[in-house]
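See the structures that follow.
Heads up, the next two complexes both have chain A, just with different partners, chain B and then chain C.
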Partner chain A sequence: MNAAVPIPWFRTIVVVTVVALGLTFAFSGLRIYVWEALLPFFEWMETTWFGVIGQTWGAAFAVVEAFHLLAMALLGGAVLVSDARLLGLAFTELPARQVLDPAHRLFVLALVLALATGVFMACGVAIKIYYLPVFWFKMLALATGVLFVFFIKRPLLHDGIEQLNPWLVRLVAIASVMLWFTVAASGRWIGFSG
Partner chain B sequence: MNQLIYNFAAWLDSHRWSTLLHESFYMYNWVETTHVLTLMLSLGMLFLVDLRLLGYAFPDVPASAVAGRLKLPMLVGFTLMVVTGLLLFYAIPVRSAQSVWFRIKFLLLIAAAINAFLFHRRMRESVAAWDTDQRAPRRLRAAAALSIIFWVLIVICGRLIAYNWFDCEYDQPAFVSAVAGCIAGQELY
Partner chain C sequence: MRMDNNRTRRRDMQFAAFAASAAIVTFFLVYWFIQIQDTREMLKMAYG
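Coming up: the complex of A and B.
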């Protein structure tokens, strides 16, 4: 019977707990322990079909790389349009939902394509990226971005932005642009490293 | 023609700034990163407009609103891409000018630009009649699909420029040599 009683600040408590757990993980020895334990998994990745194709057929790897970039372009477009609406820079004459919902559908499509092509590429160069700090920065940024979209941005904007503090809406948009820029930039830097 | 292109590229290559840019780890990579990340602005906006006309995005937003609002960021993105692209060519002029992929990409860029020009004109003339429809008329949908295909191929060719399979520096079949414009006895690569 207590299930119906809403816990005040529930979402905020969950987010703060997740951030605290993440920081504890990042600054403790657990991070190194998990990293070391993941080496066999990365070695296995290179032996999979994706890994073998990626290593032996350079043209396939290059074309998949191009589709990874195309997915990034679409993802960036969807993020920029929805954040421009939140910042009041475009489509202000339309209800927010009319822009945010279709933009989110494209975002999900682009994210799936980026993840699929990204997994293929990672299998081809698994051991190399395992030892690259910038790869782990990208994974951290990507995980933060995905969690931010599905557990903060979407639930927050679910009931419309009209009743929210305008500065909170702007802050969400700016955080979103910065997060996805970081994901893309750190991804590009993987190519320059190692 | 190939000799002329080679001479021009060799002249660019003799510039001190070209060498400095090529050899600067951070500057070159920043220019290249900007070139790639600007895809989110240029292609990102272009894809949204094309998908709107095809009926796959923003069905409840008038097509003219989508195209009109996204035009400025798209043009800013393409301007940045052209500037950084020219800088990347300037940094490695001979190899780029003799890259099979660069040459195909260049032709595709011209085709995409012509398609965009015709598409823009056709849309401006007819948009009032179908602005709020979920999908544009057939001819415009074809142009939008063509635009997406051109840009997918352009990005693939752009990505392939980084690979040296068909470089003039190595022995190539006559066909590849002809397409790449390799010059017999050339000193620069």
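Coming up: the complex of A and C.
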């Protein structure tokens, strides 16, 4: 029996492929084609229970939005704490693992809450957000952020940051802060649009 | 052999992290720069 042979440079190949596919998608007609094809799905979202409740019962929408904002605050806090530690700006007296692991657990909890409440809110204003470019940009940043955390950042930091190049660690932290800042900022932008 | 594999895996991880982070930082810097420029132009059009 042959043991499974890991593909050399697997992650690098995946990252380069995803970036190339993303750029091709963004600068080709495929983007418009997919966007148009998604309209029936967004129309259906407004007819679901979530959509009807979100549109007709403002108080329910406001309560869910409050939990969404709390989740985003929690998520932002977890990101800032872990990235500040990676940048050497705070919590430097503690071992990195002692800061990064609890922050990641909090991040996962906040992400699940933000996604759950976000789906409800999206159903309530589905057609509005469908026509907002900033909503799609937020989804791009969110998807990139989730992939970045679980496919890049966590595996990279898994064996500890001591043997990593400090500049690489700083670059990863800056990319992480930029990503989640964009998710939060574009989320608020949706609130002030349309 | 196992050590070579581990070293390659670690280098792969670090190179992937560098490529992804550099792409993200570049993309979002360009994006926010364009947004700020657009906002400045709109403000100039509105208020001179």
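Keep this in mind: the second predicted complex is superposed on the first by the 186 of 194 C-alpha atoms of A that agree within 3 Å, B and C clash if a C-alpha of one lies under 4 Å from a C-alpha of the other, contacts with A are read in each partner's own complex, and residues count from 1 in each chain.
In the analysis below, a contact is a pair of C-beta atoms (placed from the backbone, for glycine too) under 8 Å apart; a residue touches a chain by one contact, two chains touch by 3 or more.
Note that the coordinates shown come from a computational prediction; the quantities given were computed from them, not determined experimentally.
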*Classify the contacts of A:77 with the two partner chains as first (chain B alone), second (chain C alone), both, or neither.*
first
*Considering only touches as defined above, state whether A:102 meets chain B (first), chain C (second), both or neither.*
first
_Going by the contact rule set out at the top, does A:94 touch chain B (first), chain C (second), both, or neither?_
first
*First (chain B), second (chain C), both or neither touched by A:66*: first
*If you stack the two complexes on chain A, which partner ends up touching A:115: first (chain B), second (chain C), both, or neither?*
neither
*Thinking of the overlay built on chain A, is A:146 touched by chain B (first), by chain C (second), by both, or by neither?*
neither
_Output check: A:132 vs chain B and chain C. Expected answer is one of first, second, both, neither. What do you get?_
neither
*Look at A:53 in the shared chain and tell me whether it touches chain B only, chain C only, both, or neither; answer first, second, both or neither.*
neither
*Can you pull the chain A residues that chain B and chain C both touch?*
none
*Where on chain C does chain A make contact in their complex?*
5, 8-10, 12-25, 28-29, 31-32
_chain B-facing residues of chain A, complex_ = 58-59, 62-63, 65-66, 69-70, 72-81, 84, 90-91, 93-94, 98-99, 102-103, 105-106, 181, 184-185, 188-189, 192
*Interface residues, chain B side, partner chain A - complex*: 25, 29, 32-33, 36-37, 39-48, 51, 57-61, 65, 69-70, 73, 151-152, 155-156, 158-160, 162-163, 165
*Mind listing the chain A positions that touch chain C in their complex?*
6, 8-12, 14-16, 19, 137, 141, 144, 148, 152-153, 155-156, 159, 164-165, 168, 171-172, 174-175, 178-179, 182
